[in-house]
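These are the structures in question, set out in turn.
Each of the next two complexes has subunit A plus one more chain, namely subunit B in the first and subunit C in the second.
For the complex of A and B:
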């Protein structure tokens, strides 16, 4: 089937992109001034100690050798050893990634579920009060940084009202034993959702605003299309025109924005995790940079790169699925 | 003659813009009888498309039908009456928006749009779109509608309709898409089809094929057509009767032969002169001079006077209405030009006026019959 082959083809194309990402991160990370060993051992350490550590982490070898070793490692699923945590990088990532994914995916679902109806209503009632309200809200949404929204939410809903907890984000599938005050799995899920609410809104608002705006303009354009006129002239009801004829065409640019938003959201997650003290990828990458933990910097950046590439591929495949004009690789 | 299928009386459609009111259709009247192809001719901007969307009551905002009457098979598509306080309000028998949608659009009056590239929805299959409209307008279930759709595609000359049914619009050429749109209109079995410049976007060969096909199918199904075009050669090929529009008004109405061989209005003559004909050389082709003025502020008197080679002073003052100019015993032929005797306003004694386009070059062009080029 065309779509499957197209998907595989796009996946294959991702490999050189990922190699590019690794190369750039490797050499950039090595350009950061300072020395991880120094940070690790404190000021004026003994010379033998320094050399021992350098040898242990392979830092005494020239950069190109280390690069090739690293590349070979990545190919076999070994992202190296974190100097700071003294654990394999992959282990650290797998420990932190679920929280970040949980946060980002929730934020996205929140954004899409609210933005699409808002955008459609806005387009349908173009230049009427409902449209103005939604446009102002989304304008504020795109121009407000997520960390600021996060801080405001904490001040109002955690500090003054005390409705939601301000710190941490337990996973819904965590064991009840690890969560304070929870005995059953259901309670864990509830606690988790309580913790999720504010960071989800903080992170999702920007996406919501962006998607609303693009959905609106795309629907406005689509509703003026000749095919909409044709459907009207053949007696199709207005609600069906909005739901079917105009809607499906209008989703093409929306998909692009959602796909690109995925990487913006991951970037936003770094800030949101800091504000809400969530132990996710964002905190991990900051720790890595602060401690010049080369392998960890490269590993986390690589993971972000992978997430970005996956986002793009999902976008392309969804696009090809909705728009028959996108030529699949085998038809061009 | 019998009752007309469609009767339009003094239709006025206006657009309320920031710059003022655009009188896109300014009091036109015409009839369409069963089984005939009626032409609606004029340059772009004459108000032809607004007139046809008015018939379906699908004028885009900020446009609005402000006056006149549209009757179709005894039903009132549009009609106003004076209320108690002297205000105008829709008559009781005027169809509601829902009735228009369910009973008229597609089912009784179908439309073929100008641009076959844009009219089909790019994300649905051609067959799916056809089937949907057939289902709605003929109360068929999906399987029957699909069968009907495939039959119709075959009828309009699309090869291998069973397999093309599942293809998307971008896999069809422009001519093929126009055939699909024609199939769509015919498949709903309406009594009237409005064809809004359906061949303008196509090349001449394809246009010829499509006109031929439409003529054949029109005879077979006995559907009436309103054929909107700016091209007199298309009119000659398929129309029975013709309405010529200029700036929101109909300025000449006649059977097609009378219009061509006994032209009454200078604008119609100009249109005819600008059209390639086998009995004329290219040198004799004369484009119409000047551009049509804006409908927002139409010229006084005869609206064509700024471009009319026969304009006289009186044309600036008198606004000619459409009058019967036919000789006794002939089919009705009406025109709106004061040079005819039916208008006793002193055209003969009135001095000629310099037309707007009479800036040496084009005035010379008019007199000498097209030296330039």
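For the complex of A and C:
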């Protein structure tokens, strides 16, 4: 029961944060110089035309009124109208968001699957060659720009070896009719995974390196715990100690770092999508900015915030699931 | 909030349990320097960062004082297009469709025939300036907010923490892009933007330290002796958090350099023809097939610089963490 109430409580806590995000994005969007109407109609448009557009998008009203309208709109799921695409902002976001989530979640799966063994081995063989290799790999990983990894992967694996395609990211559940060279759903999935490989590695490397570092230090600490000493004294085999006793406890800080890493990863998705020309949220926000599409800028920024907040809540709940003290402690 | 408490201890050197007498000896610049000299990793970090900073300094002098005069005299201007355009040459000893690499251009030339090595050299200025400035903004802002918030507690704490949490809730690259769209696309706004997004990091670090330091006897004593709150914060509370903040700041410089490179890559930041690494990578995207080395070198420059700061940060952490020394 504690877990459910904790989840609801965390969701309720997110509401003021979301209102805060809307306030910040609205304030920033309001500061943007230039006139979106001009961009839409071209230079020297007719006066009535300008007025009509202004009235249609509510640009003729004072800022606080527009803010309250916008806030009410968001509450009812209306993020406004994209001037550039001439479609509802929410529709554009729902079109692009799955691509970004697909990319980001895959990057995290890649990161976790590679980082946990690396970190555990590193901790088990502390200060031995395997540890040094893993530490150097993770040091390079946290120091390399993700978009540069993307460029290097494209040069080597797309241009020279020709193993993976350099641009685009079709979703695995897309209809076969939309994907060139695919007839069955299975082929779509295959094509999608081929497109996914390089962006996933480019975006996931930083997370991989960070998780490896935390996993290592957390495992080192956990392996020095009293319960590990006790298990050793009882004659439990070393591999079982690592697998059963030390490992679980050591995962708590890892969950935290995954939650915080989401912020970097969602931001990094903007870069990765640029490098691989993927039509996701990242490209959407850049397009919105380049065309001064206020409502689309606000909508995408807000959605990035929502994605991060939800991600953090999921990791917090996962944390509480593993360590129930969190859920019960916070309730009082 | 599991997320908050755990990340706060992430970079902090815990001085608890070492006894009150030792705590006094374990803070301050002199102690730090002594520890750093002993630690090999920290020394390697110092040398790397020192060398890069020296390059940045030389480049800055040439830029501000001589307007690239020195570069033009002994070599090539990193900003002006050369008279004899030899575009997209490969590095020394390599060959591509545009010709053969020569010693004249050790790393080849870019799409406008400018020397890549020269542009990398002068790009160091941007990276280092941005890294230090952005971190300084985050450090000062975060320290003030965190110290005030932790020291006073109550509603001040609540309000300040909610605000920084909100800043933190937008993925920071997206936030900086939105910020720069609103205020300006050039480098100074990149620095301010990245600085603002790093405020929550320092805020959290300082606040958690202050909350624990606040109850210490010597703070009580200072308060009883009539020392002003502001002086207690500035003279006692902040200096006591010196070690973890120094470690975090060093790491943050590396992070800032990475973010600003990413921003330049997207077209937010130093505008052409000013040489910056991110912008060079952005330009190189159109020439990845004929001249792959054009994309290679700027990335390596970023990598070496950020690694330098990360090694230094790790070394500082080891050197200043009493748990490891004991």
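Keep this in mind: the second predicted complex is superposed on the first by the 327 of 332 C-alpha atoms of A that agree within 3 Å, B and C clash if a C-alpha of one lies under 4 Å from a C-alpha of the other, contacts with A are read in each partner's own complex, and residues count from 1 in each chain.
Here is the rule we use: a residue touches a chain if its C-beta (ideal position, glycine included) is under 8 Å from a C-beta of that chain, and two chains touch if they have at least 3 such contacts.
Since the model is a prediction, treat every value here as computed from it, not as a measurement.
Trainee: Here subunit A is shared; do subunit B and subunit C fit on it together or clash?
Mentor: Once subunit A is superposed (C-alpha atoms), there is room for both subunit B and subunit C without a clash.
Trainee: Taking the superposition as given, does A:21 touch the first partner, subunit B, the second, subunit C, both, or neither?
Mentor: After superposing on A, A:21 lies in contact with subunit C but is clear of subunit B.
Trainee: Identify the partner contact of A:229: answer first if only subunit B is touched, second if only subunit C is, both if each is, neither if none is.
Mentor: first
Trainee: With subunit A at the apex, figure out the C-alpha centre angle toward subunit B and subunit C and round it to a multiple of 10 degrees.
Mentor: 70
Trainee: Subunit A residues in contact: does subunit B have more, or subunit C?
Mentor: C
Trainee: Would you check which partner chain A:45 touches, where first means subunit B only, second means subunit C only, and both and neither mean what they say?
Mentor: Once the two structures are laid over each other on A, A:45 reaches no partner at all.
Trainee: So, A:249: does it touch subunit B (first), subunit C (second), both, or neither?
Mentor: A:249 contacts subunit B only, not subunit C.
Trainee: Output check: A:32 vs subunit B and subunit C. Expected answer is one of first, second, both, neither. What do you get?
Mentor: In the superposed model, A:32 contacts subunit C only, not subunit B.
Trainee: When the two structures are overlaid on chain A, which partner does A:117 contact: first (subunit B), second (subunit C), both, or neither?
Mentor: Neither partner.
Trainee: Considering only touches as defined above, state whether A:2 meets subunit B (first), subunit C (second), both or neither.
Mentor: In the superposition, A:2 touches no partner, neither subunit B nor subunit C.
Trainee: To be precise, I mean the smallest distance between any C-alpha of subunit B and any C-alpha of subunit C in the superposed model; what is it in Å?
Mentor: Nearest C-alpha atoms of the two chains are 12 Å apart.
Trainee: After overlaying the two complexes on chain A, where does the subunit B footprint on subunit A coincide with the subunit C footprint?
Mentor: Looking at subunit A, the two contact sets intersect at 323.
Trainee: Which of the residues in subunit A come into contact with subunit B in the complex?
Mentor: 225-227, 229-237, 245, 248-249, 322-325
Trainee: Can you list the residues on subunit B that touch subunit A in the complex?
Mentor: 56, 58, 101-102, 104-107, 110-111, 113, 115, 118-125, 132-133, 136-137, 168, 170, 181, 184, 188
Trainee: In the complex of these two chains, what residues of subunit C are touching subunit A?
Mentor: 1-3, 6-7, 162-163, 165-175, 177-179, 181-183, 254, 258-259, 261-262, 265-266, 278, 281, 284-285, 288-289, 292, 295-296, 298-299, 302-303, 306-307, 310-311, 314
Trainee: Quick check: in the complex, which residue numbers of subunit A touch subunit C?
Mentor: Residue list for subunit A touching subunit C: 16-17, 20-21, 23-25, 28-32, 139-140, 142-148, 151-152, 154-155, 159, 252-253, 256-257, 259-260, 262-264, 266-268, 270-271, 274-275, 285-286, 289, 297, 300-301, 304-305, 307-309, 312, 315-316, 319-320, 323, 326, 330.
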